[in-house]
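Following: one structure in structure tokens, then a few remarks.
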Amino acid sequence: MIHSALMLTVALSLLTATILALLALPLAGWIVFSGGRASAVGEALLTLTLVLPPAVLGYLLLVAFSPESPPGALLARILGHPLPFSFAGLLLASLIYSLPFAVGPVAQAFRQVPPPTLEMARILGGGPLTVFWKVVVPLSLPGIATGWILGFAHTVGEFGVVMMVGGNIPGETRTLSLKAYDDLLASNGRGGWEAILPLLLFSFGALLALNLVRRSGVPHAPDLTRG
Amino acid sequence: MIHSALMLTVALSLLTATILALLALPLAGWIVFSGGRASAVGEALLTLTLVLPPAVLGYLLLVAFSPESPPGALLARILGHPLPFSFAGLLLASLIYSLPFAVGPVAQAFRQVPPPTLEMARILGGGPLTVFWKVVVPLSLPGIATGWILGFAHTVGEFGVVMMVGGNIPGETRTLSLKAYDDLLASNGRGGWEAILPLLLFSFGALLALNLVRRSGVPHAPDLTRG
Amino acid sequence: MRPISLEADLLLSRGRDRPSVGRVRLRLEKVSGIVGICGPSGAGKTTLLRTLAGLPPRGTGVVRVDGVPWLDSSRGLDRPLKERPLSYLPQGACLFPHMNVRENLLFAFSLTQTPRQGEEPFPWRALRGFLRQWSGTRTRLLPEGVAEQVERFGIGDLLEKRSGELSGGQAMKVALARAFLKPARLYLLDEPLTGIDPEGRALLTEEVASLLERRRAMAVWVTHAPGELSAVANDMVVLLPEESSEPLPGSGRPLDSGERVTRAWAEGRQR
Amino acid sequence: MRPISLEADLLLSRGRDRPSVGRVRLRLEKVSGIVGICGPSGAGKTTLLRTLAGLPPRGTGVVRVDGVPWLDSSRGLDRPLKERPLSYLPQGACLFPHMNVRENLLFAFSLTQTPRQGEEPFPWRALRGFLRQWSGTRTRLLPEGVAEQVERFGIGDLLEKRSGELSGGQAMKVALARAFLKPARLYLLDEPLTGIDPEGRALLTEEVASLLERRRAMAVWVTHAPGELSAVANDMVVLLPEESSEPLPGSGRPLDSGERVTRAWAEGRQR
Amino acid sequence: PSGPGMALARDRTLHVAAAADLMPVLPHLAKAFTKRSGTPVRISWGATGEEALAIRHHAPYDLFLAADAATPERLGREGFLQKSSLKTYAKGILVLWVSKKALSATKALPDTALLLQPGIRKFGLANPRLAPYGHAALSCLRKKGLWTKLRKKAVYGNSLAQVAWYLRTGTAPAGFLSESQAMGLAKGSAKGDFVALSPACAPYLAQEMGIVRRSKNVGAARSFEDYLMSAEAQEYLKEHGYH
């Protein structure tokens, strides 16, 4: 049981973080480079999904995805099964829930690309898309990594939305975090470690690896203390 | 009642975000500038609190702060009341819970300060602290703003930890997000809007204001599309 | 062989709410080669080049190249970047920091190779290119156009260096080579010899002159040492900082040699 | 009046796993004034200055200033930055981008005013200063030391500009003024006249020379136009890029005038 | 707000920790009690398990209304609740709710066997490990030998209220609820019907309450307990699906 919960969590969080990191690129690009006030509103709107209590967001998603609602019915017809209580539903909910965490750092990184570098690429003949993919995105890799990490960690620990939309089905939509909660409450706080421990170990490993990789990429780490 | 829940949420989230933004400075400084492998481990550890399901984290904090534990008993004696189930307890829990969201973007911003600028400040005679406060921090203001936003929004929407540590006491530790959930439950999903709406409006307003302020500070927004 | 003409009557400024930097009038016709621009620090040389290039801040006035209007602010006309056949070497080399020298050159070259395809319809192709670039599978062989430029500017031994690992003069040479990978009518060069040693200066000046000759193109070349252009510059313009928007003596007046320029400038200063 | 001596025997390199850039031997004694350094792009001039300044990448060898060892890699000695009485003008001005010119100068000045307090014991004071800096309450009056420097380098009309709003030459002048706000024995100037007009060059050279005279300090001045130093440089060193770690002819040999240097260099190149 | 009057009002306030299942009934009872005794009542909602944890860690509650009997009894044994104050204040019963849509698709009676219909893709029940009603539903299905066939269709909510959400939004066409939740659901916009399960399958579930041992307001807690046990309150509970 643990095994499948672990696998599920691994799959869900890695997928979510990766899709989010990709999704964040155009979204952050719009926010940063479109320049209009509209994008300030868009950015604030984006951040709103993280202001909503997870359970409330989960409820809203439930209402939206339910086969009784028109979009939910359409989705159900396409997928062959209703979205809630399935891995696909879980993934979609996680994506919506964690989106702002991925977009924030990416947008921040985009903002820090020096304008002259962008101008140079434009002058040499690059169109907006070329400049974006070949200059902006490569220069923002550290920010994209931060976004990935936040998206990943947030999905691993996510509880309210997953519980609502997934239905806590063992082996299908019951993630480690749900299992940990169950175990904890069922045992009056004494148990739960067998679920929490792999959760912690897995996440720690993933994050540590990413941090070390990211560091090794930095040509010379700035040094405030030497000298 | 709404009123006090709103006030509580406003106070809690603004306080948390601001304290976090300040706390993030030395922490991110350590992570970025200490350079050792230790700080990579530290960074991964930091991120761990966000991998834990909120309810589990809340439980751990409850156990740690509880008057049943020696440190909790000491704290209870000092404060005159047990830390959990009070605003102070809520604040502390929120700080721990949202810390990584504030630190991530700040660390990212610190990493992007150009090394020659740091060297220059060192050569001119600045000690590590001077360089940090006068050069690194001012140059990282956009990242600090992103950290503040994420910390703020995360605290507003936070549910599991607040529930566990605060005990959902109306007028004292029941935030808007708990109230929204309760209302939704009580009304079978018909109500809850009167709690969610101010939550959304307040957050949207705060985030929009911050976004606009941040934008107006950018000297010339890079422009990918012109020309 | 078309002659090139550059006509400009500009009120330079660094933003709408700032005082103007100065007024410039140029009328250079039937020249192919180098037009030197000199003048004291802050006179507006960089601003002029940026305005010609169509980069912000946009000045007000008229720019016409080969008779085609690039800018006519009275008519609200402002030709987009991609329709201006120009190349620009900014003050400070501005290489792409995430690429090494080879990649910098190849990227610039690829942009010239697909003139209309510079704008990919979907991100997929760009993404693929990007991934290929990040994997090590890119070819070590340079396309002919690039190889020639590498040879010409003597940067063959720098190809594998990252842009941050170049010395000041090396970066400048690479940037110059990159700017000339793009075929253009007008090359805008902002102090292209910064940080280059005397030997290199002579060599690069000659190379640029011969390239311009072959391409029948014009370079607007900002310099602080008018003498270095005396051998190659057909015209020389002195820009002086202004308070008024009236043309000052010497401003925009084509001169023949560096010698005369320095004199004219000194005269202007003495008043 | 102490004489200044600079002694260096260095193997320059840009990192442990990279080939060495070259070997430099200098022995300059009882001189007060300017030592010129020239040589082709990539010869290692910037690397030499950084090594003298104690910035990474650290070279191997010996540096002694006034007889005091700053670096002695055989003994594992490497004096920390704050114990080296030097100032450095990097290639490219490297002003603090978040400050305007006035703030750049005041910041540098404040660092010299509290030589031992540069290191605050708690962040509170620094935080307070930082907040004050961000509120508009800072005084408009410049301390005497700063005002003098502003006058000297002719940057009075630039004080309220942000560093990003300066032209290339203006930024360089401000950076030079900033570097000379710090009293030091050794000034390391990496192409300080980049982007400065001829008139400015003469003026700045003189100002620097007179400042050095007054402070009994030495400047190591990297230049690409040895001629510009002929009036003021007591010594001139030619750096040539090396493959071997053996000293090449001309390398590290003090010479008398710019004239001779260029000749020696040209001779060296012909081999 | 720390004047003497305020402190008094605060001391007099009765602080109740209640299982979220009581949301449809408890606010009304609390209001009636306040009217009668002058004691304000403050209710903290939560899952029974969560509140038990809070009580173990000195939460400032006076009275605990659980959704089951086992939790208060355990807390009583462990000394967190006053043993003598434990009382069964209500008995709930498990019902099966089926939406109109699912019902109209079949002529069968709404019974547990109906869940086998292919039209019912999923059905909801509260997490058996956490919620007594979920446990009851599970053992009922086991008893009838349906569980192995139905296990794939089950989705779990952390509380009955969450199961009710599934039913209300139509995400799940059927689910197990307490009768009081089902009555609340029927009053709302959700279209459907529910049947009580046979007592053999789902016995009445006793819900117990108890006074927190650390309570500083034992008097008020006791009188609220008494009020809940009064004929008037019991009558009200009965009207809302408790027995």
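Descriptive notes on the structure:
Should a chain be cited, it is by its letter among A, B, C, D and E, assigned in written order, with residues numbered from 1 in that chain.
FYI, contacts are C-beta pairs under 8 Å (C-beta built on N, C-alpha and C of every residue); 3 or more make two chains touch, one makes a residue touch a chain.
If you're wondering where the values come from, they're calculated on a predicted model, not measured in any experiment.
Contact with chain A and chain E alike is made by B.
Averaging Cα atoms per chain gives one point for each, and the point farthest from that of chain D is the centre of E.
Chain geometry summary: the mean Cα position of chain B and that of chain D are 44 Å apart. Centre to centre, using the average C-alpha position, chain B and chain C are separated by 48 Å.
For the pair chain A and chain B, the distance between mean C-alpha positions equals 18 Å. Chain D and chain E have Cα centroids lying 78 Å from one another.
Within chain C, contacts with two or more other chains are made by residues 55, 81-82, 92. Multi-chain contact residues, meaning those touching two or more other chains, occur in chain B at positions 55, 59, 63, 122, 128, 132, 184, 189, 220, 223, 227.
Shown for chain E are the residues in touch with two or more other chains, namely 50, 53, 56, 165, 169.
The touching residues of chain B, when paired with chain D in their complex, are 26, 116-117, 119-130, 132-135, 137-139, 219. Listing the residues of chain D that touch chain B in their complex gives 53, 55, 81-82, 86-88, 90, 92, 94, 96-98, 107-108, 111-112, 115, 118-120, 123, 126-127, 129-130, 133-134, 162, 164, 178, 181-182. In the complex of the two chains, the chain B residues touching chain A come out as 29, 32-35, 37, 40-41, 43-45, 47-48, 50-57, 59, 63, 100-101, 104-105, 107-109, 111-113, 115, 118, 122, 128, 131-132, 136, 142-143, 146, 149-150, 153-154, 156-160, 177-178, 180-181, 184, 189, 192, 196, 199-200, 203-204, 207-208, 211-212, 215, 218, 220-225, 227. Chain A contributes residues 59, 62-63, 65-69, 81-82, 84-85, 163-164, 167-169, 181-182, 185-186, 188-189 to its touches with chain E in the complex.
Within the complex formed with chain B, the chain E residues making contact are 15, 17, 20, 23-24, 27, 42-46, 50, 53-54, 56-61, 159, 161, 164-165, 168-169, 184-185, 188-190.
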